[in-house]
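Heads up: the structure comes next, in structure tokens.
Chains here go by letter, A, B, C and D, matching the order in which they are written, and residues are numbered from 1 within each.
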Amino acid sequence: MRFKMMAAALAASVTLPFAGVASATDLEVTHWWTSGGEAAAVAELAKAFDATGNHWIDGAIAGSGGTARPIMISRITGGDPMGATQFNHGRQAEELVQAGLMRDLTDVATKGKWTEVVRPKSLLDSCTIDGKIYCVPVNIHSWQWLWLSNEAFEKAGVPVPKNWDELVAAAPALEKAGIVPLAVGGQPWQSSGAFDVLMAAIGGKDTFLKVYEAKDAEFAAGPDIAKVFKAADDARKMAKNTNVQDWNQATNMVITGKAAAQIMGDWAQGEFQVAGKTAGKDYSCLPGLGLNPMIATGGDAFYFPLLKDEEKSKAQGVLAETLLDPKTQVAFNLKKGSLPVRGDVDLNAANDCMKKGLDILAKGDVMPWTDQLLSQDTQKQKEDLFSEFFANQSMTPEDAQKRFADIIGSAD
Amino acid sequence: MNVANASVSVQDLSLSFGSVTVLKSLNLDVAEGEFVVLLGPSGCGKSTLLNCIAGLLDISDGRIFIKGKNVTWEEPADRGIGMVFQSYALYPQMTVEKNLSFGLRVAGTPKDEIDKRIARAAEILQIGPLLQRKPAALSGGQRQRVAIGRALVRDVDVFLFDEPLSNLDAKLRSELRVEIKRLHQKLANTMIYVTHDQIEAMTLADRIAVMRGGVIQQFDAPQVIYNRPVNRFVAGFLGSPGMNFLDGRLENDGGWHFVAGELKVPLASYDFEREPSPGASVFGIRPEHVGLNSGSGWPFTAQASVDVVEPMGSDTLVWLKLADQNFTVRVTSERAPQSGESVEIGFDPMRASLFDEQGNRL
Amino acid sequence: MSVSMKSERPSRLFRNLNAKIASVPMILTALVVFVGGTAWTVLYSFTNSRLLPRLNFVGLDQYYRLWAAPRWLVSIENLLIYGVLSLIFSLVIGFLLAAMLDRKIRFEDTFRTIFLYPFALSFIVTGLVWQWLLNPEFGIQGVIRGLGWESFNFDPLYNSSIVIYGVLIAALWQGTGLVMCLMLAGLRGIDEDIWKAARVDGIPTWRTYVSIIIPMMRPVFITTLVIIASGIVKVYDLVVAQTSGGPGIASEVPAKYVYDYMFFAQNLGQGFAASTMMLLTVVIVIVPWAYLEFGRRGRT
Amino acid sequence: MSNPAVLSSTIAGADAVRGELSGPRGPKPRSVLSRRNIFLYGTLFLVAVYYLLPLYVMVVTSLKGMPEIRLGNIFSPPVEITFEPWVKAWSTACTGLNCDGLSRGFWNSVRITVPSVILSIALASVNGYALANWRFKGADIFFTILIVGAFIPYQVMLYPIVIILREIGLYGSLWGLVLVHSIFGMPILTLLFRNYFASLPDELFRAARVDGAGFWGIYLRIMVPMSMPIFVVALIIQITGIWNDFLFGVVYTRPDTYPMTVQLNNIVNSVQGVKEYNVNMAATLITGLVPLIIYFVSGKLFVRGIAAGAVKG
């Protein structure tokens, strides 16, 4: 019986791909949003775009930006560009723009008065090269969050910490209860990102900018940063039993109470939501690790390769408009767990954590993030360093700091 | 011989692979309808020469004419040759009939013509019942017959055989040898036949070309080659057991003599090729040209002691010590001596071959 | 000479013309893709190309940086360990299995199929399965601990110092079947008389293998070596699927460094410099040998 | 002057193969229950377990439900067999917005594999034939380059290939990918074919030339029909290699023609909350099914084909 059903299912699904062909302009959109919360958010964008009479062809490539980006870049440089593609805004697409491969969106932006609605303004600045606008920011993602499992602390019999230092203090109790105090997945960008968060939280905005914007290697080798490395050392000790790779598996450890905390961007919130958890009740969040509440204005943006096809170019314009449409912004960002890029939208539906973020944003406590400040090359070197630092307990914070300073010294 | 009336003419042919020269400025003219055997030890270049004639190897220098036509750079198929290989080289996936007709089909010969030729070849070679079989289902002799048939159907002027019988056992070999001879008599085609087997060479050839080191040593009728070898190599290569060679000196004391130790052979009856001069030389005589204890009647006799006696059925080989050198004599079995015995040998110096220090015939 | 020279020696170029035409794809592949691609890569390794290749020369900067990068050094070390061990183990295991199968055993087909099937699976699949089997929580370690041996410790993928051996286990699982197959084919190609002769001479079996059979199988070993070695240099998918280079950078390999720096870090120049180093090593090791093996031979 | 040992087996390619595979050649084992036999079979059995374990775990896991996986150990057989993971992997697993599982990729893989296998084998066999039988000046140099090319990591070549494909206008098309597969399959396949053709008796080739067959005539009418064993080997290697390819499939095509492995990667790597190991394993098995079946069915032909000359240097 079961076999028959399966066979039928197989047969049905085989014929499907050849069935539906859309009549409106098809636009292929590539991105690397494939986790539960991310996929749900993309679905909102697709829905909004389809509603304009066009058709969103989804080109999701799993495995984070590292897998997806080379494919996207190859296709753009190889002369077979997609209709639109996700990049982290910042410096990733700079050269593609300079090579004249990307479409200038200034006309669409002027029409939609983007300069007025996009907030904070720095987002649009990242999209602007030589006075022309080349990308559409869709959300603000900030890294500086500490996610806490209320259940884990309850189990360990300690109060839910209010900041990073309290978490460090609670670690022994957590470990005794068989709970991993801090979940850090094995992917290199996670440890690297966690370190940046620690720097911003412990050192503050000025320290952060001095290292990453001014690229002051001497300062990076100095005592201020040594403090950050000390904290990173605490972090890796707490994280040493994590044993997972993906960020959302690490998040899942917090969701299920196997781990007490995770330093992760606001996109983690999407996972809590998908799991049906409520902010404040099941989990807590501490922006800026509870030390230094700030919002980094990193985030995602869509870029539009220059296409020859008139129809498609027109559809690109429509998509660009749609992405910044207030309704789309709300729907997308609620699912994604990120903050909208326009200040004039109604986010009543937002949960506790999101509201915290919005408040900080409203106060203007914003800072740029490494995506905007550092080249991918420097980022990668940093990732190599911190993934080694977090995995290899025998590497001293001093050694790591020395290498870190070298990287900053040669950064561009 | 003039190129125009030679069936196959090879002129100044050289072949080298890199720095290795395999054939050196070689000349060979084969007459119409002639059966020529290329004979020599392995590595002498005889198969290479055949492959050059067939067009299977690109030569480095020289020219090749077949039927008066310069075919030096023609494709093998356009040279009017048929070739039979040592390993038969039958196409394993084709039936005998397909094997026979492959070349004709490639050339686009009409179907009825193909059938006619196959029928004829099958009749000549008596392979009619095998036509629908695959080569794997044939015996060695049958395979070789098919291989010959493949050359036959092409209706060519020149047949090339590349050691066609070496993969067969002794009995089959002699059977097929006769058959090839019969075939030649019947077809009267020009045939060039490569072998290292001197019996095949002697029995089949109109003329034999003895080769060594890429050079033809002697090219003549089998009897001439056998009886008047031009050099020591040719003399030693033909005949089994090989020719006896005695090292000694040529001396002239009132007539030419060959002297080795106590042995002194008068050479009055020897037909010198050129004016001899005194000095080191080699005296050669074939074992079958020597008599043993046969009394008088020989122009020359000498005493020798028997070393080993080898009965070979029809006759017996007697290994002797003559002037402290090895010497063999072939005698009929009933006249065989005992080992250790002292015997008298006799021969006619007229039948001997004398060579100078360089091994060339005197 | 009574006959005129009709056919002149044809131009060298047109000799074997069809063979040359048929070899055009090969020649193009060799020249355009392999030589051309390599030359292009080497050229751009002297530039500071980032996301897109640009001819902005910076001399040997990329190489200085490469050899100063701890991750590159770890990668090289890993490739050495992995390469040497996987070469030795796959040859030894492959040969032993083949020798065992060659001993007139029953169920030879079954055993052979079992040893060979992993080769049908991609490295991605291999990596995933072994990642799972070696997972300390519910893989082999977990199961054995569950049986009561609490202190049992086997977590190669989560232990920096032995992680490369964890990768090796999976690689051997996937690759030895093919080696066995090649070896078995080689053993089957050896004349049975050799065995008889060895037996008559009273040579022990192991000695026959070592002194007679293995030397006779030289061509098989060479083909096998080409296949294994080319796989080793290229190892990438397996590491990505199994460990992603972790923990930390403990299981990084050169091919992954190349890929990561070209595409993640968007530093083509650095990726090309690493590629060039890999190519250089390959060329130094392979070319003299390949030329001797495949080039100088022929014309028999 | 050929070696008689080779010549004796020249009667037929098929014949030669049969001869070589007449059976095991090793020394004859002693009585059934000798210590030696126990050791032999014992070792083989243990090794077989090592080889089968991962497959067993994959199959067993793919038939379990998630709760059972979380509780039980990976080696225990499923308490309750469910085909749910298989159905999900095939038809409903999601990547981004596309929730049609592996089914879409399956046909793409077929469309990629078939022409790639045909073209790559056609090219490599002609190359091998030209190298073995029609040696021309310089051929060896190209062949050496090709063999060295086998050692170049694909990642290194990604970028130059993008440029080449762009210049010839094949980037992003199915034919571009077919070409890439043919190029990268060329070194090893050419080596195999060259070795095989070189092991065939040269006299057959000469006989065919005397019969008037040209380069292509000999290839098609003499060589190919005699070379089924090596074609089978090449077929198996290529089908497996191309079917399992991920890198080229993802870089040189577009999403609507992504092969199955890309979908596998998407399913396995796009973690939605908890890793669904059962679905992952089912997806893995489904993806590996085509090459696995080929191996289980034709394993014998594979060894036979390799024995028939592919490894004779």
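Quick notes on this one:
Please note the rule applied: contacts are C-beta pairs under 8 Å (C-beta built on N, C-alpha and C of every residue); 3 or more make two chains touch, one makes a residue touch a chain.
Please read all numbers here as calculations on a predicted model, not as lab measurements.
Each step here moves to a touching chain, and the least such steps from chain A to chain B number 2.
Between A-D and A-C, more C-beta contact pairs are found at A-D.
The chain with its CA mean position farthest from that of chain A is B. If each chain is reduced to the centroid of its CA atoms, chain A and chain D end up 39 Å from each other.
Centroid to centroid, with C-alpha atoms defining each point, chain A and chain C lie 37 Å apart.
We define each chain's centre as the mean of its Cα atoms; on that basis chain B and chain C are separated by 53 Å. Computed centre separation for the pair chain C/chain D is 15 angstrom, with centres defined by C-alpha atoms.
Annotation for chain A: residues 70, 77 touch two or more other chains.
Listed for chain B are no residues, as none touches two or more other chains.
Residue numbers of chain D whose C-beta contacts span two or more other chains: 158-159, 163, 214, 265, 268.
Chain contact summary for the complex, chain C toward chain D: residues 12, 15-16, 18-20, 22-23, 25-27, 29-38, 40-41, 53, 97, 99-105, 108-109, 111-126, 128-130, 132-133, 138-139, 142-143, 146, 173, 177, 181-182, 184-192, 195, 199, 205, 208, 218-220, 222-224, 226-227, 229-230, 233-234, 236-237, 254-255, 258-259, 262, 268, 275, 278-279, 282-283, 286-287, 290-291, 293-296, 298-299.
Interface residues of chain D, counted against chain A in their complex, comprise 83, 86-87, 90-91, 94-98, 100-101, 103-104, 106-107, 158-159, 162-163, 165-166, 169, 171-172, 250-252, 254-256, 262, 265-275.
Listed in rising order, the residues of chain B touching chain D in the complex are 42-43, 47, 51, 54-56, 75-78, 81-83, 85-93, 102-103, 106-107, 134-136, 143, 147, 150-151, 154, 162, 166-167. By the touch criterion given at the top, residues 2-3, 5-6, 9-10, 12-14, 16-17, 28, 30-31, 33-36, 39, 42-43, 46, 56-63, 67, 70-71, 74-75, 77-80, 82, 246, 248-249, 252, 255, 271, 274-275 of chain A touch chain D in their complex. Touching chain C in their complex are the following residues of chain A: 65-66, 69-70, 73, 77, 92, 94-96, 99, 186-188, 243, 245, 375-377, 379-381, 384, 387-392, 403, 410.
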